[in-house]
Structures are given as structure tokens and as C-alpha cells.
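Chain IDs A, B, C and D follow the sequence of writing; residue 1 opens each chain.
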């Protein structure tokens, strides 16, 4: 199943727009997907951390899957996160995603429980068996409290269990270890949206940038420039996006770090007219009006408003 | 809803027996409940970490709830864990547990996402509102990667949001801060099964001991002795249980720390003839025969075989 | 060398009074020692964390040793911290302390470097060899970022390398493992000043309380009560000291956690007339006047002013 | 004092060769310096973590300073680490280094004590005042257990307190934040020896590579290629060095992680005939013969033997 060409390019983790009463806003979600496709993205990743998957009930996860897959209709590959604590619960999510017609699954190591590399290997093997689709390991120590070692990732790649990795660890030395150690078709995607040019430079195949919701055109310009060997243009685009990324800090210390970032992404999409409400899922503290206004200033400075 | 008398005594977190093909073994579960009731426990806590809740699908969680509540039929209060990443998902579990007829809900702070005390407060308030039942905060930093501060717990207690706390942090200074700072009816339950006598000595109301699955009679003897002021007897019983607790280490370093402990509890229940299979949930590495035999030696030394 | 009777009782870690220009204030130090001896303490621990040893140059450490040992003149045993990153540097401090005439050495595992249990064992063996005096392991994960396992401590105790342990880990389950696992004369001293009654109840031999600088009489009353089996009196004294301990929080979040606690201890000693200046070592942010006034209110509430 | 041109290029942290009885092997140290100068390095950093500074007594630190400065005699700038727990102790090391004639000081934030950004700022200000030399902040969370924020570093740079930063955090997003946020002359040096090409690509000024002891020629080729805009050559050299870096793992899990790396660097220097003994400082577990032989195989594969 992993014999297909490796996934490459810009695959943004799609935000999940919500109505003021916290239902999935499917109209906004469709407009967001169109905005991303218009930006030239190479794939979509739904039900990831940036999609607030941790906050979505199973029913809402299903709405997201059906809405996005129905609308995309094969224009680009859609990957779905199957994010839950351990294998049996992840398998339930995998079954739903497969039925919905996704092109790949993204899963973390077990969390909440104290796990072990031998158990993580069993976990990914069982998921790949059940999915019958390319499986991407999601390395996100800030959420999972566990770093996937290059040794483990490369071993599971060699077994044919993993089709790729989405590395959001911020550890570019370890990222390089996977890049240099892989054999055959294996997608290395960075989730570190501030070092995309350098990750591509090292040999990464693509990027899964949360900020790509706000400015997909920027990330695809970055990726195209790098693909064409115009590294200087790639770097300048990355530096522009770096400045834009400052918007994630508007919520400061009065809420969780991810609440501030997710709130800012949604506020930006709202201010750009792409989604109808900047609402984030509960119990996250929402950005207030002045914070949203500051997001607007960042957009203006980046020429996005 | 929190005006009732505070919960006290021994409330073990009930293991979830599994068949070799990883279904809930309801016959064994009923025998385990009878074993605990025979041991004189004051309540039961289902779907906690020791119940392998992180590994149970929603369907299996429902089987556990229905099996235990149907069998207990009001003999003792039954608390249920509503363990998931954030509020919306926890609320789904709460609804199922309430319908099943539990007497209280146990929930952790949000995990996987990076959260904040203000968000944790919203989280517990929403759960208490929805449940309409006593809500117990579950403080388990080893899983949640966040310690609930005494200030937060006491504030939510004063608001009437929390009816109690299950403290598995191992931080007995902080435990004491809650004990000395609470006002009115508020249950402080320790999850640290090796320092029960001293927690009760400080003023804790009860204990939620994983090892209580294996030896409920021991923990109830400990609690009764302390209640009657016979602290020397309480300490001797605790020291005996301390020795027995060594069985959690039989799995050594070849599996996760919780896999070893849960595997040992189930192996002990199997060897004592209470459950039919020592099976633990996947992807946990199971104990092998020699490790199970070593569990048997611990039981024999404790006079439990 | 460890055949002597185990050290027991109240052994406060002695604060290091400083002049406004950050020299050791030897006059105040002598008055502080007298205050502690008057409080009935069983020993003194100089150059520990509460002594701001991390902030004292070698020259100042020597002044402290000479001042205290010259004044105590054998009335009670004096232990000295030999606190540095690794063995060779610790050995230099040991040599100075031995020449000064201390009765025991206290040392942590290596820090700054990433170490290993096998290396920690070599470390303690080399220190014990050099010192020729009882050696106490100092278990302080908040500073050393490493928890000494009961297995390691008990192994080194059995070898005769360690004469005892000062456990400031806050992990009372692990404390109990050492208490129940030791053989022969081996001092278990708790550094957790809020759970002294329960640590003694479990079998600990004594306490090294930072707050004992402020109220040594309280801690010796607690210890005497426990020694005489009057556990109720011990608990009430501990609960009184628990309330007093609140003073460590007056500095709030505008400085490091240890700066606030050390500043409060020194402010209390200053307000009680025992030392001349509340000065703490640089670069710690000092308490301001309003914070010092709040320390005074805590003292007044405890009847210490 | 910081008006000088920013420090750039390859500045290896110089290993400290030891005799079998753990004295500084000055003859080997001089040969190592010559080896590095022959490799074309742009400066030397003595008494850093790779120099085993944590294991060197003050007397040995002085021997290193005098030996290296006497031999280098101004051919390249020499920076010295002033590594200790807090400001007063660091200042003692600064005084020695200044007298010895170094060209710059490298210091970490306080460690062992729990500190605070406001205290870290005081710390660096006091060191810069005393040194009268360019001061480089050493960001090494694996040792200091504290990440220097870009905000703090840039603020101290703007004040003129810091002349640069040596970033060994492995967090290349944060590295970039400093690079893009700095104004005027401020040296950004990466200590992440596996991502040097990408750090230079982002705008870093140089590198402080532990592996540069073993293969200084490789790192200077890498840096020269990047400086001349031949990024492809830089990447290929980095990838070669990446493979060589595997030697740090020969010690596996039977010793501390830094012991394995430092042991491998010294074994490589010994096998290359540059130093007389592969001895590392106590209490580190030394590499055994088979591990040293495996280091040799890595050298051979890299064409260095």
C-alpha cells in the first residue's frame, strides 16, 4: 500500500470553523477548503491538532470528514487524523475515516498512558493493518509527551508500516536523521512552519503548516521556489511568513498556548472574510476584540487584508 | 448537588477484565465486583486509569458501565471516569454515564492540548453543569502532564463545582494544602496506595487504590483501623500492602510502566481465581509466564494464594 | 565510619545572612546559630540549598564553615553541603569541609551533565572514600533534575557508602521504600517541611526544614511530640507550621520560586531581630517592603512577633 | 565593548585531554589546539560543556586557560566558558579568565536554583559589567533546564549586554527568531552540529561544533562553502559530518549520554594520534575497548584514519 509515490508539497492542517454555538460551520469549512485549493495546496490534512481535533466529538469529526471529502471530490489527497489515546480507540476513528474515503491516516503514539517503544511499534502496526491506507506517524511531543526516535520511525518505514512522518517536534537534527536514513518512498513532512525552507533544504518532502490556513499562497510560493532551486526566494517567503506568524502570540499568557494560536488563525480567516465566525472550541478562552484587532494589524502588515 | 455527605472510605478503581480476543469479559467483571464488595469496599470507581479506560472504545466503556451498575444495584456508590482530551468529548462520556445511573463523575483536566488554569476551570464548570452529579477532579500529572494547584481545586470547591478530588500526584504537601484549606463537605481521596495511612492521618477521607483490586480486604482493614484511631494497626497493614505492591515491577523495563502494573494486577486476579484471563489491552506488552509466576510468589508471600 | 548511631531529630539547613553588600554577615550568622540551638535542634546543616550555597563563592563558603564550626564547638553535629556539578569539584569542597571539622557531608548526584545511575554510584563512592565521614545523599530533583531511586540509595547504603539520605523529592512513596528497605543504621531525613509528622510516622529519623530557621522551636516540639508517641500534638504543631509556611509565597511570580522562599525566611529572621539584614544573594530579586510587611503578618499570626 | 565586528565562523569547543590519572594533559592539549588551527578554525572556545568544564576543578580550569592562551598567542580569538551555578560563582571564573587574557566570555543562565527571566537578566548584566569583554549567552536547556527566550536574548542584545548567543537548544525556530530580530552586530552561533548548513542559511554567523574536535577541516570546509554561496557543497559536507556524528552513540545506554559523546570524541582524537589518552573525567563511565574500536570504524568510514 505504500508503493505509491511519496506525498509532497504543502498539506495544511485544515482549521475547523465553528458557529457561535460550537457546531461545525460547514459553509465556512467549504469556503476554507476552496481558499486552500485556490492557494495551490497539494493536499489537505483534516482532524489534526490545528483542526482542534482534541475538542471535536466523534459526531463533529464525522461532519468534518464528510464535508471536506464531499467537496474536495478527489482534487487533492485528503489525510485524516485518527487522534486518540491508544490503539483500540484510534482504530474506531480509522474505520470512520476509511469509510469516508480519505487517502491516508495520521496518528500519534499512544498518550495519557505511559508507553514504550515496543508498544508504539505494535500500535502503528495495528493501525496500518486496519487502515489499508498510507499511514503517517505524527510526532508531536508537546501534546504526546514522547518523541518518536529516528530509529523507531525508520524501522517502521522499512517494515512498510509507515508511509511517512509529520514531524512537529521542532528537532531538526532528528528530522535530518530520518531524511538521511530513509530508503525508498517515505514522505518526511515538517510541521515546523518557521523552518520550512531549511527542512526542504535538508530533503524534506513537504510541510503541514497551521499558518497555511491564513496564507496558503505564501507556503505554496515557498515550496515552488524551493522545488525550482530558487532558495533565495524560498527564504524570503519564509521570512515574510515568519513575521506573519507573530500573530499567534496575541493571546499572551491569559490562555493556553494553543488557544492563542488557534484563536489567531481563526480570527485571521474571519477578518479575511473566509469564515463567518472566529469561534474556537470550549474550554478554550477566546480572543477578545482588542486581540482580534491586533491580528488584523499583522494581516495588514503582511498585505493580507 | 454537593450537599450530600462527603464520599469516604475505600473506593477501588475497578480493573476491566478482558477475554483473550480483547472483549470485555463481563462474567469476570461481575466476579471482580463481588470480590470487591466482599472485601467491604465503600464504593467503586469504574473507567479510571487502572480500568484501562484509555484503551477502551466507547462501546466497551458502555458495556463496563452497564455490567457494573446492573450488578451493584445500589449496594455502594459507583463513580465513573469520563476520561477524554477536552470538554466536548468528556461531556459525551458524561451523558452516557449519567444515563447508566452512576452516582458521581471523575474527570481530569484537558490533556493533549496545552491548557491553562482559566480553561481548566471552565472545563470543570461545564462538566458539573451537564452531569448534575457530584464531580471529582482527577489529579494525575503522570498522564495529564499538569498538576492541579490547591488554589484551583479549592476555588472550584468553594464554587460548588467540585465535590472532591482524587489526588494521584504523589505530592503529599499539596494534598495537605487541600485538606487544610477545604471548607464544608469536600472529599479528599488519595490515589497513592503506598501512603494511605499518612494521608488519612492528615485528614484525607478515603483512598482509590489500584492494588485494592488484588487485596480489597487489606485496604478496608487499613481504613477501619484508622477510622477507629488504631493508627499502629493501620500502619502495619499499609506496610504489608507496601510489600505486596512490589509485584507491579515484574515487567521491568521491557514495557511501559503502566503496562507492568496493570498486567500484574490482572495476573494476580487471575491467579487468585477471580478473573478468567490476565489479558491486558493492546498495544500493551503482556507479562510472560515467568513474570506471571513471579506475581504468584508475591501473592504467596502476602498470604493471598 | 558509618557504624555510629544514625543521625536523628531536627537538623535545620542554616540560612546564610548577608550584609547589604553581599558579604557573609558573621555576627548575624552566629546569632542565627544561637537561635537554632536555643530552639533545641539536634544538628545543623550548613551550605545547603536553603543556605544559598549555589550563590556562595568558595571564599564565602569557607567563612560560613569556619564561623559556624568555631561557634558551635561540638555542641551538636554540623553537616556541610559539598554542592557542585561533578565529583572532582565536589571533592574540593569536601576537603575544605573536612579540614574545618564537620561531622558529615551532604552531596547531590552530578548535575548540569547528563548522568547515569552507574555514574552516580561512582560519584558517591569517591566522595565517601575521600571524606572519611558519614555521607548523606541529597535527593533534590527540583535542582538536580534527577530522582535518586530507592534501589540506588539502598544499594549504596548496603555498601557502607551512604550513612543516610536527605529526601527533598516530595515523593513520600519513595521515601517509604527507603525506610522499609534499609538495614542497620541508616538515617532517613525528610526535607519536606510540610509532612514531617507523616514522614516520622512512616519511620523517618528526622527532618531538615528550611522553615526551621524561622521557627526552630516549632519543629523541635513536633519532633519531641512524635518521639513520645503523642502524634496528635505532632500533627497540630505541623498544621500550625503549615500555615506559617504560606509566607514563602509572598514574592509571587515576579521572581524565582526559591528567591521568594529564601527571601521570606530571611525577612522573617530580620523581623524577629535575629539577623541584621534581609539581603539575599544576587541575582535573586529581593522582596520589596510590602512583601516584607506581609511576612510580618504571617509571623504575627503564628505568634512569632 | 560590543562594537567590534561580530564573531563568525567555526569556533570549536576544545576538548580537555586528560592523563590516565585525570590531570590535564597539557602536551596533548597543545597538539589538539594545533590540530584545530591547522583545520582553519576561526576561534576557540575553552571550558565549555564539550571541554568537560563541569568536571574540571578550578585549578584544572586555570591550567587549561594558561596552556591554550599561551600557545595560541593571539592567532585566533579564544572564548572561555565561565560555567557555574549563579552570578557570584561565575564572576570568580570570569576574573580568572580575564586575567588569563581571553577575548570573550560564555555563560549560561543560573542553574541548580529555580530562576526567573528578571533574574537571568540581572545575571548577564553583572557578568558583562565585570568582564569588560564580549559576553555570549550559552543556551543549553539539556544542562540548564531552562530555554533562553528570544525576547530575553534580544533585549539584552539591545542593551549592549550580550555580544552574541551560542544556541545549543536544537530549536531552530527560536534560533531564527533571534537571527531575524537582532539589530547591529550580534553573533548568532549554533551549537547544533548536525544542522550547520541550515543555520547558516537562516543567517547564523557561525558554529561551535563538538564534533569539530575530531574533524575541524570538515566544518571549516562547510563554513567556507556556505560563505561563498556554494550551498550544495555545504550540504554535502554537513551530510558527511552527520554520518560521522553517529560515533557518539557507541556507549549506548550503559553510561550518561554526554559521557558517550565525550568519550567518543576523545577516543577519535586518540586514534587519530592527536592526544595521548582517551581518558574522560570521573565519574563518567569510560568507553571500553570494543566501543573504542567502533569509534575507529566510524573514523575509517569517514576517511579520517
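Criterion: a contact is a pair of C-beta atoms (placed from the backbone, for glycine too) under 8 Å apart; a residue touches a chain by one contact, two chains touch by 3 or more.
Everything numeric in this text was worked out from a predicted model, so none of it was measured.
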Contact-graph distance - origin chain A, target chain C: 2
Residue-number overlap at the chain B/chain C interface, same or different (half cut): same
Greatest separation from chain A - chain, by CA centre: C
Identified repeat of the C-D interface (over half of residue pairs identical), from B-C, A-D or A-B: A-B
Between chain D and chain B, distance of the C-alpha-averaged centres to the nearest whole Å: 49
Distance from the mean Cα position of chain B to that of chain A, given in whole angstrom: 35
Multi-chain contact residues (two or more partners), chain C: none
Inter-chain touch pairs (all): A-B, A-D, B-C, C-D
Complex contacts: residues of chain B adjacent to chain A: 22, 49, 54-58, 60, 83, 85-89, 91-92, 110-116, 118-120, 122-123, 126, 142-145, 254-259, 281-285
List of chain D residues in touch with chain A within their complex: 170-173, 176-177, 180, 192, 194-195, 197-199, 201-202, 231, 235, 239, 242-243
